[in-house]
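In what follows, a single structure is set out as structure tokens and then discussed.
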């Protein structure tokens, strides 16, 4: 029973990957958008801000967030098309499998985009040093974002204002996530050891745990008719 | 088999189903006809577990809809107006995905079999969005029977199909229906409905107004009965 | 409509209105000016008597929504949904009060209209945004049952976020000294200030309750009208 559950989650992720590989629509729009955001910010701040490194962590996370929204939106709009979401609901499996399947897919796509954006960010903002601890921090932040984001995009897709609704719902909720992520990223780029920012890390992890749990528990109510 | 007793469904103040009593014996093909707004789609969606009844009892193959919903899903196949297919994926990929979601044991062979049954094995590796609506509906049927359900539910499957495609669809349904399945199909088309089913029923104003064996009436007779029950219900 | 309960709420409304007038007097006249401030800052300090109670009511309202949302999802029942959104509507008004009085107080006291590094201001701002999103969400969903369900989920998730936002901004550090109400040098030193503050707190809470009752009643009437209308047209 448990294995079947995991198997179905992976089937959903696999399906999303195949679909995306075929059209590359989501990936390309996310990537282009991220690129635009980072370039524009870089350009705008360089004109005015003396030390651009101060704003770098914020810009990075804003970029990830905006690109992430695009991916989250597309993920469920794809399912609403031709009624595929109903196809998922007909399957003999607990609804949470749909949640985890979609969430993992979103996490994966966001991570791929982030992996490509990060070097570009490095080139443009030229931070003094690289800390490998940055990677798990980005992962944790993305997990939280995708966790709540998947729930909210399922909500948004049932409203009339589909694409607009998601950021309106999501952004206020992920404020603590953003604060923690930007704080830690800034600290790491300044050379602070991760251990000194332990309470921020706790916040990040705490956010992820709480909101993944709540999202998983309430997802059923969102998708059922 | 399907047993429905006293099924009520309301959306806020709007009562759509007002106590439906219906039985479809095992292996039988029942066609359900009725005007728009009578509640055909609502009824079939409740049977398909996509919607919840306000009250009443529904038993599918002995499983109670209220408690054993996941078991029911294993035994039910559903075809609706929408195809429930991923346009960017091929039939092969679509069926593989659904096969996994339903734990179909011999998936590879099974895909082969159903594609042949619906006559689409030639287009197996082309994206579904390149298909005509008729072909997509046939694939939708393939998807619905992939997991060998004992009950097949069809909600106006011939919507949006031209004459030729409708013809093909009905031929397909005739063969698919004879595999020992219990079938419930809703349709607007009285002629087809009478031709296809073992029994026909009329749903009007949220209730089963009339039910009969297909041999009891000819088309004219049936039309007469239909308009008698349905005539005054236009809102 | 029960005439006795009508009269009872009428009395309650009267008391609330009176309480607000008294609160106004207490805050603006009775309470002594803050000894450690001068000029504009000293006068602006009086905003505190409305600012803090409004914030309190804002949180209270959201908590009520949180509980009502859980009750709705768990047990069902329209009345929980009505309570949830009524509380949001009223809470949003009070929260708007906080967000507008905040800058009015901040400018003379700190020299800036707004700082994000202050946990209380930021938390209230986020609270406002979540409330607003809640109402927007309700506005964009047509199906009643779905609307209630989606809103309930947001009511739960949103409320859980609030303490986390507060903690996050507090750790942010370097916050401009947000006047500490109950600490040293605060209200403890002035019994008149304390009286004024507590009374305002009570008056605002009473106002919330009164508005909530009115809103619930209004919704009840609207629902009744809808019901009668729908019955008028069925056969």
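For reference, chains read A, B and C in written order, and residue numbers begin at 1 within each chain.
In this section, a contact is a pair of C-beta atoms (placed from the backbone, for glycine too) under 8 Å apart; a residue touches a chain by one contact, two chains touch by 3 or more.
Because the structure is a prediction, the values reported are computed rather than measured.
S.K.: Quick check: more C-beta contact pairs at B-C or at A-C?
M.R.: Ranking B-C and A-C by C-beta contacts puts A-C first.
S.K.: Greatest Cα-centroid separation from subunit A: which chain?
M.R.: So the farthest one, by centre of C-alpha atoms, is B.
S.K.: Rounded to the nearest whole Å, what is the centre-to-centre distance of subunit A and subunit B, using the mean of the C-alpha atoms as each centre?
M.R.: 39
S.K.: With chain centres taken as the means of their Cα atoms, state the distance from subunit B to subunit C in Å.
M.R.: Result: the chain centres lie 51 Å from each other.
S.K.: Could you grab the centroid distance between subunit A and subunit C? Build each centroid from C-alpha atoms only and quote it in angstrom.
M.R.: Here subunit A and subunit C have centroids separated by 32 Å.
S.K.: Give me the residues of subunit A that touch two or more other chains.
M.R.: 224-225
S.K.: Give the list of subunit A residues in touch with subunit C in this complex.
M.R.: 148, 151, 155, 158-161, 165, 168-169, 171-173, 175-176, 179-180, 183, 199-200, 203, 206-207, 210-211, 214-215, 218, 221-222, 224-225
S.K.: For the complex, which residues does subunit A have touching subunit B?
M.R.: Against subunit B, the touching part of subunit A is residues 4, 7-8, 11-12, 14-15, 18-19, 22-23, 78, 81-84, 86-94, 224-225.
S.K.: What residues on subunit B touch subunit C, complex-wise?
M.R.: Listed in rising order, the residues are 11-15, 205, 233, 235.
S.K.: Please give the residue numbers of subunit C that touch subunit A in the complex, ascending.
M.R.: 73, 122, 126, 129-130, 132-133, 136-137, 140-142, 146, 149-150, 152-154, 156-158, 160-161, 164-165, 167-169, 171-172
S.K.: Name, in rising order, each residue of subunit C that touches subunit B in their complex.
M.R.: It comes out as residues 143-145, 226-227, 230-231, 233-235.
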